[in-house]
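I have placed the structure first, in the form of structure tokens, so that the comments after it can refer back to it.
All chains are identified by letter, namely A, B, C and D, in their written order; residue positions are counted from 1 within each chain.
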Amino acid sequence: GHLLDSQLPKSLIQPRHGNSYKNHHGHLLLAGGSQNMGGAILLAATAAAKTGAGLVSSLVNDNYCPAFTAAHPGIMFAGWKSADLQLMLNKANALVIGPGMGQSSQAQQLVSALIDNDLPKVIDADALNLLASQAALTDKLQKNAPLVITPHPGEAARLLNISTIEVQSDRLSAVKLLQQKFGGVAVLKGAGSLIYDGQQLWCCPFGNPGMAVAGMGDLLAGIIGSFLAQGHSALNSACLGVLIHAQAGDIAADAGQIGLQAVDLLPSLRGLVNPTC
Amino acid sequence: GHLLDSQLPKSLIQPRHGNSYKNHHGHLLLAGGSQNMGGAILLAATAAAKTGAGLVSSLVNDNYCPAFTAAHPGIMFAGWKSADLQLMLNKANALVIGPGMGQSSQAQQLVSALIDNDLPKVIDADALNLLASQAALTDKLQKNAPLVITPHPGEAARLLNISTIEVQSDRLSAVKLLQQKFGGVAVLKGAGSLIYDGQQLWCCPFGNPGMAVAGMGDLLAGIIGSFLAQGHSALNSACLGVLIHAQAGDIAADAGQIGLQAVDLLPSLRGLVNPTC
Amino acid sequence: GHLLDSQLPKSLIQPRHGNSYKNHHGHLLLAGGSQNMGGAILLAATAAAKTGAGLVSSLVNDNYCPAFTAAHPGIMFAGWKSADLQLMLNKANALVIGPGMGQSSQAQQLVSALIDNDLPKVIDADALNLLASQAALTDKLQKNAPLVITPHPGEAARLLNISTIEVQSDRLSAVKLLQQKFGGVAVLKGAGSLIYDGQQLWCCPFGNPGMAVAGMGDLLAGIIGSFLAQGHSALNSACLGVLIHAQAGDIAADAGQIGLQAVDLLPSLRGLVNPTC
Amino acid sequence: GHLLDSQLPKSLIQPRHGNSYKNHHGHLLLAGGSQNMGGAILLAATAAAKTGAGLVSSLVNDNYCPAFTAAHPGIMFAGWKSADLQLMLNKANALVIGPGMGQSSQAQQLVSALIDNDLPKVIDADALNLLASQAALTDKLQKNAPLVITPHPGEAARLLNISTIEVQSDRLSAVKLLQQKFGGVAVLKGAGSLIYDGQQLWCCPFGNPGMAVAGMGDLLAGIIGSFLAQGHSALNSACLGVLIHAQAGDIAADAGQIGLQAVDLLPSLRGLVNPTC
């Protein structure tokens, strides 16, 4: 295994071309944010925009669209009911599926409609829980599409049908089992996040316990998705995302680990993705 | 009686563990925010997140959920009508009941459903008014659960069936009577807030008259609830909460006592709960 | 006539008492903000809170309440339809009537219900237009209640049944006629705002042409109302309000008069009402 | 052709008059922001207010009005369904038509109702797409009214019935063809934006590839519209708008081109329109 190095962005992230158009920087589509659970998708989408995706669109419960748009007018928030899902899929070149999605029957239908294509994907949170419980969904997931799954230990336990304690007692085995089950790149979150793509294993030496609060995983999913949309491989996206997320958490913790919130990471993201700036 | 000491956080608040998960830092559930009175729960929830609760969920009138979520995406805002109350209670390890709750029949039902359990609780504002007027509610309140009540002098008067002038003319007796009536820890707010748990009496020498504005009590309820959720005793939570709230008010008053608003306390909360930072 | 002096706040605004309670600093009720015109009441209410009113409540079109509450959780925003108007009036000790109110029949009913009492009042904007066109409303206005009217030249022209050019060509006569017609204190806004109470005439030498943008008058109404709620006389409230509003405008204009917006005045208001700070 | 010079604002933008009233600084009406596409109009309206329009009103899908008003209370947001369109047109002295408008039948009706007058106009985004596909709309566009069209290369291609590659391979010819087809002033966005009014050709040497993200064009439309409302000619408005937009983008890019968002340009706009400040 290898440790993620703080020089990674400098080697992987290229400067913008002189003649760019907004589609050149990728169009990320995020889906989640069911009723009473909307904040997750807002955090993920904001983090994606701040880490360089040229266009960010989000499918959320319709009720959230006006307030979210007011807060982030550069991000498109479209309602599950009112949006033209196929049109949005056609425009996207990467997906984040799961933050705040819930496990309702509508959520299942939405996940089902979103995973049957060859777009690079981050699958997170409740979408992972749905995959764990619905074999038909796992079958639909196209194996040739770049994939990053981002379970926390509790989600990993459900995905592997073992206990959270078992996951945490042997995180290395857990991340390998997750990768074998779903293919692609598995990220096992927690202190010392692990990244495994079937061959390489990476561990993140950054981050701090103040990051163990609501919404942190949503940011990570958005950041990894942003790198996928910008054309990075699944493994590089996962490594860059985990690294930058942890570094932003460490910067935020300078003002104290206790009371640190997910939104406190947002101000430092742009600096971290512009390493030569 | 004792005076609250500014060194209290340093002695009571421990650094985060290296291997934390968000549930380790507590899950606070707040309930209140009825129609036209939503701001109180937003202030309480925000203060709770900034003082260290790992997860913060809030039950509010459904209409507020989208706008509140947009403003604070790391906090879950769920509607009274649409939320699964029992599921939310099962996930919580401490409660704040009352900010902006109103005294409607739905509010009574909600209070009734929330107090019949052994979770640590802060009961504030209209929930106190309901307790004062509905003996059946007081009976439902489980006496073995850690409890902090946080009346201002007017609420104390209603709870004790005396006048506000009588409360203020002998605040010491009032806080003792409040504690005898409800058990747990009574906090009598106002200049020189008093805290009494049946044995120890504490008085807060901090704070300033600029804090006599709307929403200040809501912040206090949220902060005390946050400490309950993080595993502090009712007495320690009340003492830490009253102290930090007053200190944040003093910091905010550096820019002038007149025109000071409750939200002006929010930026300094994280610094105050990280005393060694 | 006299020129407003920048030392006025130091002589009129007293420090907060040591034993204050939030009602001591006044409860201002604002009414306005009809459909598609809500921003005016939000600006007025925000300015009122930042200039020292202990409690600020606002009657607005119901649709605005959630988003406004999210933006300013310390201010109560209650819907015209859903609020208990009489209860709100009973709690208030000063009123601001008019910002964004429109001139619909519901607006007329609301104005009618709000002016028939002896509370100190600021009447502004469309409420002035309604007074100009509905003699029955003018009759209802209790003459013994402290009153400040705050027309801009166009509103003054409608109130006096002359042209705006006539108002501007002899502003001194116009402000005197306005005072004679409605009693109380008349404020004629514009470059060199004039204040007249039937005896004293004051002129404001501060302010700048960058302040000629949307929402500036709404801020002024809120600030004057805040001083009324805190117990200042109508004349002193008008003088303090006009002075502080103009000074805040001059501070904001340091970054350029062009593109200055009403919200740019908000950050300096608290400093201006704490002159000894 | 000429290069836009950074001294242009100093020569074209006059200081505010000492005796200004808010109508003196222009009243810009923007129309767009259909369901799920509201952010565009919010960005355009905000940029217009920050660049000096005295009054800014926006027609958007009704659902957005409360949240947008809360975010920017000095701007009027009125719903397509609930607003009195003719009244709003009567008050405006310049128009921006298109950001986030969509191409629904209601959008067509709205565009049709807005272009049949002699007000100066910016036509952008979907309004351009509608013009490209509906000859009847192009006929309705009054040829004597000052006009600026602001297509990006993809929109230019649709307007000219050629491919985007053809547009980009000869941008000079494309901007000339656009101007011949619609009259007025054509702005062809992209690296080295071109401005052509049938006689003069201007090219913008500022800007950077980090600006190739969602919402950048919306800001530009709002800024150009703001200058039209303040009385500048179509050509001067286009030149000032393109220049200031690009300069604001360069200032924003100091913190990194990657992850730069449209909202990051807003803080520097006021400084750029006050060149002598």
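Operating definition for what follows: contacts are C-beta pairs under 8 Å (C-beta built on N, C-alpha and C of every residue); 3 or more make two chains touch, one makes a residue touch a chain.
Computed from a predicted structure; not experimentally measured.
Visitor: Which other chains touch chain A while also touching chain D?
Guide: Under the touch definition, chain A and chain D have B, C as mutual neighbours.
Visitor: When chain B touches chain C, do the two copies use mostly the same residue numbers, with over half shared, or different ones?
Guide: different
Visitor: Report back the single chain whose CA centre is most distant from the CA centre of chain A.
Guide: Measuring from the centre of chain A, the most distant chain centre belongs to C.
Visitor: If you match contact pairs by residue number, which of A-B, A-C or B-D shares over half of them with A-D?
Guide: A-B
Visitor: Please tell me the distance, in whole Å, between the geometric centres of chain C and chain D computed from their C-alpha atoms.
Guide: 34
Visitor: List the centre-to-centre spacing of chain B and chain D in whole Å, with centres computed as mean CA coordinates.
Guide: 49
Visitor: Using the touch rule from the top of the page, what residues of chain D touch 2 or more other chains?
Guide: In chain D, residues 66-67, 70-71 touch at least two other chains, as defined above.
Visitor: Can you list the residues on chain A that touch chain D in the complex?
Guide: Residue positions touching the partner: 13, 15-22, 24-25, 49-52, 54-56, 65-67, 69-79, 82-83, 269-271, 273-274, 277.
Visitor: State the interface residues of chain A toward chain C in the complex, per the touch definition above.
Guide: Residues 67, 70.
Visitor: Can you tell me which positions in chain C touch chain D when the two form their complex?
Guide: Going through chain C, the ones touching chain D are 35-40, 42-43, 46, 63-64, 66-68, 70-71, 152-153, 190-191, 208-210, 212-216, 255-263.
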